[in-house]
Structures are given as structure tokens and as C-alpha cells.
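Heads up, the next two complexes both have chain A, just with different partners, chain B and then chain C.
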Partner chain A sequence: METKEMVTTEMKNGIVVLNMHGDVTPFSEKAVMDAYEKHSAGETQKILINFSNAKYINSGGIAIIISLVSEARKKNQKVGVCCLTPHFVKIFDMIGLSDYVEMYETDVEALQLL
Partner chain B sequence: MSKCMKPTSKRYNYYNSMPDNFKYSRVSSHNLDSAKIIRIQKSLEMKLRWLEDMQQMEHSFSPGTSNEEEMMKAVMLSLMGNFGYSSSFLFLCENRTSDIRIIKRYGGTEEDSYQLLEILQQSLMLKERNNDIGLIQLSAVPPGDKLAGIAKNNIVLVIILPVEKMYCGIILFGERLSHEELSQGELSLVSIMASNITSAIKNYRLTTNSFRLQADIFRTRGILEQFVAPEIVEEMLNSEKHFHTKGERKLLTILSADIRGFTAISERNEPEHLVSALNRFYSIMSDIISKHSGIVDKFIGDAVLALFRLEPGNDPVRAISAALDMHKGFEELIKSDEEFRSVFESSGLGIGISTGEVIVGNFGSGRRMDYTVIGRSVNLSARLCGLARANETLVDVPSFEKSQLLFNFEELTPINVKGIEEFVQMYKVI
Partner chain C sequence: MTQQNKTIEIHIPSNMGYEKIAMESGAAVAKLMLFSDDRINDLKTAIAEACMNAIEHGNKTSPTEKVFVTLTVDDSKLQIDVKDKGKPFAPVTDKPDIKEKIEGKEETRGWGMFLIKNLVDEVEFSSQPEGNTTRMIIYLHK
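After this line comes the complex of A and B, so read on.
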């Protein structure tokens, strides 16, 4: 599957937005990390992961997000996530990932507050 | 990964807007009953998520689409996501004593990799692993073993792969995102996971081997079918151990056919033309015999030996029907195929059919076997074939008796044939 089908990127308010599409699984690894590497270079300080178009996230997909957050923190970048369903909010809480990212209900809120 | 500042108040508003059953993680710790319930709920949810993951992974572990390293990588990511570790490492050991490599890292640093590598290389426990698939139980790591240093709050899974890759393992390393220590329940869960992974890999290997075996059989079948009839190939492939050599008595109808005047024809034609024309002849005759549920036992020069045995009691009818079609097929070849016509124009087929008990089996030595038939009927069909003129089919008495209501025959004068003591009564199909 092509990168563009799994992740699309855009720059809004100085924030790099990674829009997740479809299923976020280990198969998304290359697409997610490539998109992150490509668009987070330079002065980028804020990354927003938007799940509004994500249909499903499995444990492997969460591991990819953890990996991305880990890389971002090494670069002192701030990471936010938005548009997660309550189920995944619970999972992010349960594994402790919500302590490392800012979580927002909508992308509008995220772009204002991140 | 160091813990960052608590998120904005917006997050808590978001949290407050969630249904009550999603709020377990913020229940006050002084309420012990609730905390216990939360732990149980968390544990159950984790188990459910893992089961879902395992089910998905097992479906994705199919031959041709994944290999064992990819499977291990998927398992590693699943563990990392389920247990919320900040980093994980996939390592591979090429042989029993050395050459351990970290082949994939998520999170963590290069320094972590070096540190882990050093521990793995010095671990006696890993070096002493037997060559089977399994899990290193952390509780079983001896205190003196280097591996014990990372055992306390990390997950180490070691799964033994094929001989050339002695073992492949996963280490979930570093602090958990939740800062919680691994509970006994979670460690038990890892054991269950390891069993599931082991089963998945075993199933994968069995399926892969089965696919390879099927491909081999398919290839072998294709090769064999170029030399012997598909039905005989089937029998050979289904036979236990060695294809038997003692033979089996069967009531068959034997059809012998050859091209009249072939010796003279072969002398006046170039071998290349002859072979080309003969191959077309074999092809057409095979199709016709197969159409009538017969099997071609062999081609010898211009001669065809076919057996009809699949529907006992009906064999002569099918053999005679095949013979009539073979005559037609030969004529059509002469009409339609210029090269065939140039070689065989003035010729025709002679066919002899005999029904009786024969010995069917694989004859020869261990080095060279030939699946064929022997017996009086084989000899008689060949003799009748030799007596038949171009475009004629001669049959023996049993063949005549079983098919006289369906075909017209002309009774011929009994004659003495080579190899058979008594006079032979025969009939010509007209």
C-alpha cells in the first residue's frame, strides 16, 4: 500500500499534522515513520496525529505511535493526538501513552491548544 | 522516556465527557475495591486485546506473504503496544555460540542496543538453549546470568527458529509508559502469549512445509505424466513406501494399435519429419483413449498399448469405441495435417483388442522400473493388431461377447497365432 493511502500530511498553524487513514497496524510503520521523518525536520516543534479518518488501531499500530512519540521526544517536539474514539482514549490511558501526548477531542481544538 | 507535564485541562474535560464505564483509570486509589476491580478489568481487557491481536497475526502468517522474522516483528510490536513499553528490540542469533545481532529496534537508543547485545552475548542461558521453539521464563534465569540484569522489569521472549538461525528473541526494554511494574498476572499473560506465538510459528511451518510438499508433488506429477498415464501416476503417488513390484491380477481389455507399413515409411522419411508426425499421432490417440476412459500404457515406435479398466464389465465396449475413433482420428490427421499426410498418406491403423486376466504392476529392477501389463491378453491383442489390415479392428471372443449388441462384427476363420497354442477365434468390427 502506498504511503499516501495510509498517512497524509499537512502544515497548519505551524503544526505538522499527520492524518491517519484506514487501519493503523504494523503495516503502517513505513508510511507513518516516513511521513514523520519527512515533515518533522528543521524547526518543527509540534506534531499532531489526527485519527479522524482512522478506522481501526491495533496493538502494533499503537507501538508505531509509541515509537513516533519516542523519536519526537528525543527532538524535543511536542506531540498531540486528536479525534480518538472513547475506546482508544481508554487504551491510550491504560498503557500510559496519554501521559506523553496531549489528547484532544477535535482537530480544531488541537490546532488551537497544542 | 521521561514523563512530561500533565496535559492541558482540556484533556480532563474530554475525559469527563466520556461515559462512566470509561473513567476507571481516574478512580481514586483510596477506594481499594474499585482499584481491584479496575486492575481486573484492565487485565481482562489486555487479554482480550491480545487474543484479538493473536487471531489477526495468525491470519496474516501465511506462507508466501510473511517469514518468521516478519512474524516476530509483528509479535514484538503487538507486545510493545499491549504492555506500553517505550522501546523494544528484536534480536537474532545465527549460531549457538556467537553472532547475536539486534535486527530491529523500536524506540530506545543505539546505546541501549549495545548494552542489550553485550548482555545477550554473555548470557550462558541463551548459549545453552536447545534447538527447539520455546520461551525463556524470566523466573528461571539464574541470578548469576547476565540476562537476569534485565529480567526484573522487562520482558524477554526467546523463540527458537530453524537450525541456521538458532534463536530469535524479543526484548521489551526500559520503563513502561505507565511506570507500573509488571504484575504477576501480566507475566503469566506473556507466558500464554509465548505459547500462542509458538503455536502460530509451528502452524506456519507446518503449512509452509505442506505447501512445499504439495508443490513438489505437483511438479513430480507433471513430470511423470509426460511418461505414464495420469491414472498410473496417481497410483504411484498414492502407494505407500515403494511402488509395489509384485503385480496384481486384473480383468482388463487391452488395445494394441500400430500404423501399417511403418517400417517402410520410416525408411523413406527423414527422422525429424517422422518424429514430428508421430508426436501428433501420439497426441491425438492419447486424447481419444482418454476420452473413452482408457489409459495409455505406452507408445513403442508407431505402436500404442492402451488399457481399459476403470469400469469393469464395460471395458470392451469402450475399447471398441476408442478403436473406431482412433481410425477416424488417423484419417482426419491425414486430411488436415500436411506434414502428417506426407509421411503417412497411404497408411492406416491396425487395431487388436483382447479381454482377459492380466498381471498389472511395476516390473523391473530397483534402478529401472516399468509400469505395464503382462499376460495372454496382452500377447493376443498384439497378435490381432498384427493381423488387422489398415483401418481394421479385430477383437477376441470375450471382447465380442460383451459388445456384440452394440457393434456389428464379422466372424473370421479361427487361426493359429504365435505364442498361443489353440486356434484363436476372432471378429472384425464392421
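After this line comes the complex of A and C, so read on.
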């Protein structure tokens, strides 16, 4: 499979935003976790995972999000997710992941409320 | 579209990523059958997960083995069989414990069969000497 940019990172309102691109699958793991580790050091308290540019998420991709949430909790960081499709909001609810992250419909809402 | 046991067969390589071919094919057939968008999204995830299990746990990503996906269209239902050529394996069927995974006590993967069970109307997993089969059914009027 072709490898493209899988995650981009930016800082907004003091929140580290991880923008997911394209496919969120086990192939994304290194890129996502490296981006998280690189940009979440120091005083970072809030992480937002933005799925607005994600085209496909499978269970391996969900596992990466669980790993990230697990690491963030060790650092007492709060994790939010935004811009999931209704289908993946249902999946996050189904597996119980929505109990561990703040869920927002839009990035604007997330950046205001996280 | 008049259904009446139309069958579509797809063979995909045992490489991660190719499950999307089967997933999109299943979605196209379900759309022709006039399933709702919600049900089509459910089906897409279920097919992708079944194919990933077949690729990874069944065929062990062998370059010489294919995953065989058969879509059988009936008046009231769509049946999807996903077959591999691997040795028997036992997919996790109980609900994985998210708390254990978040706390790092369990590996974070292992959601495939749980998702399939919760997204289609019927699912059956079977192992034969010649390989493993995941059979999934969704009904038009459920």
C-alpha cells in the first residue's frame, strides 16, 4: 500500500492537535505515536485527535487511539476526539472508548470546550 | 434491482489494505439492494474486519494465499462469506475489556469479531481443515 502523510500536528489554544489523514490503521501506529510523543512533552495537558480528514478507520487504528489514550492518562493529560462520522461515534460508544475521551462534533467546539 | 440469488466473488491478496476492496464491493452491492447508509457503514466495517482476520490470523499474510469473499444477494438479505486457507484459529468473541486495555494490562487490539457481532444481524465463524470461514448476514428489513 502507498504510504502518505498519516498525521500532522499543530498547537491551538494550548491544545496539541493531532490531525489524522487518510487511513487510520496499524500502518499509522508509528507516525501517530511519534507525533504524540514529540509534541506532548512538557506542560501539555490537552490532546485533541481530529478525524476530519480520516477516510477509513479499522480496529487496528482504534487500537492505536487506545494506546495513545493509555499513554496520555499516565501523564494526566486530557484527550478529546472530534469530527468522527456518526458511524464511528457509534463504534467508539460500542467499545467503551467514549468513556475515556471527550467527544466533539467539530474541531471548533473541541477547541473551545476541551 | 431484482435479487434472486445473485452471487459475486472477490479474491483479494493476503496483504493488509486489500480488505478495502472487499469492503467497497460489499457496500456497492448493499447500495443496489437499497440498504440504508447506516447499515452500509455497519456492513463495511464488518467486512473489513472479517477480511483482516482472514489475512492476518488465517493466511498469516502469506503472499501465495488469497482471501475469498462471496456476496450472495437474496430478496431479503445479503450474505457475506469470508474464507481463508489457513489453519484454524479462534477469534476473540467475548467483549474485550476496554478498561484493561487502557490500563495497559491487555494488548490494545482484538476488537474485530466483537465489532462484527455487533454490526451484522447474524455471524458464524467456522474452521475446517481447508481453512476458516466467517459468514455474516444482514437483513433488509431489520
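Note that the second predicted complex is superposed on the first by the 110 of 114 C-alpha atoms of A that agree within 3 Å, B and C clash if a C-alpha of one lies under 4 Å from a C-alpha of the other, contacts with A are read in each partner's own complex, and residues count from 1 in each chain.
Basically, a contact is a pair of C-beta atoms (placed from the backbone, for glycine too) under 8 Å apart; a residue touches a chain by one contact, two chains touch by 3 or more.
Keep in mind the model is a prediction, meaning the values are calculated, not measured.
Once chain A of one complex is fitted onto chain A of the other, the partner contacts of A:56 are limited to chain C, with no touch recorded for chain B. When the two complexes are overlaid on their common chain A, residue A:100 makes contact with chain B and with chain C alike. In the superposition on chain A, contact is made by A:113 with chain B only, not with chain C. Contact with both chain B and chain C is seen for A:70 once the two complexes are overlaid on the shared chain.
Judged by the touch definition given at the top, the superposed model places A:26 against both chain B and chain C. Between chain B and chain C, the partner in contact with more residues of chain A is B. When the two structures are aligned on the shared chain, A:89 is found in touch with chain B, with no touch to chain C. In the superposition on the C-alpha atoms of chain A, the part of chain A touched by chain B in one complex and by chain C in the other spans residues 26, 58-60, 62-64, 66-67, 69-70, 73, 86, 91, 94-97, 99-100. Residues 1-4, 6-8, 10-11, 14-15, 17-19, 22, 24-25, 42, 45-46, 49-50, 52-53, 56, 73-74, 76-88, 106-108, 176-180 of chain B touch chain A in their complex. The touching residues of chain A, when paired with chain B in their complex, are 26, 29, 58-64, 66-67, 69-71, 73, 86, 89-91, 93-105, 109, 113. Interface residues of chain A, counted against chain C in their complex, comprise 1, 23, 25-27, 56, 58-60, 62-64, 66-67, 69-70, 73, 85-87, 91, 94-97, 99-100.
Listed in rising order, the residues of chain C touching chain A in the complex are 15-17, 19-20, 38, 41-42, 45, 48-49, 52, 96, 98-99, 101-104, 107-112, 114-115, 118.
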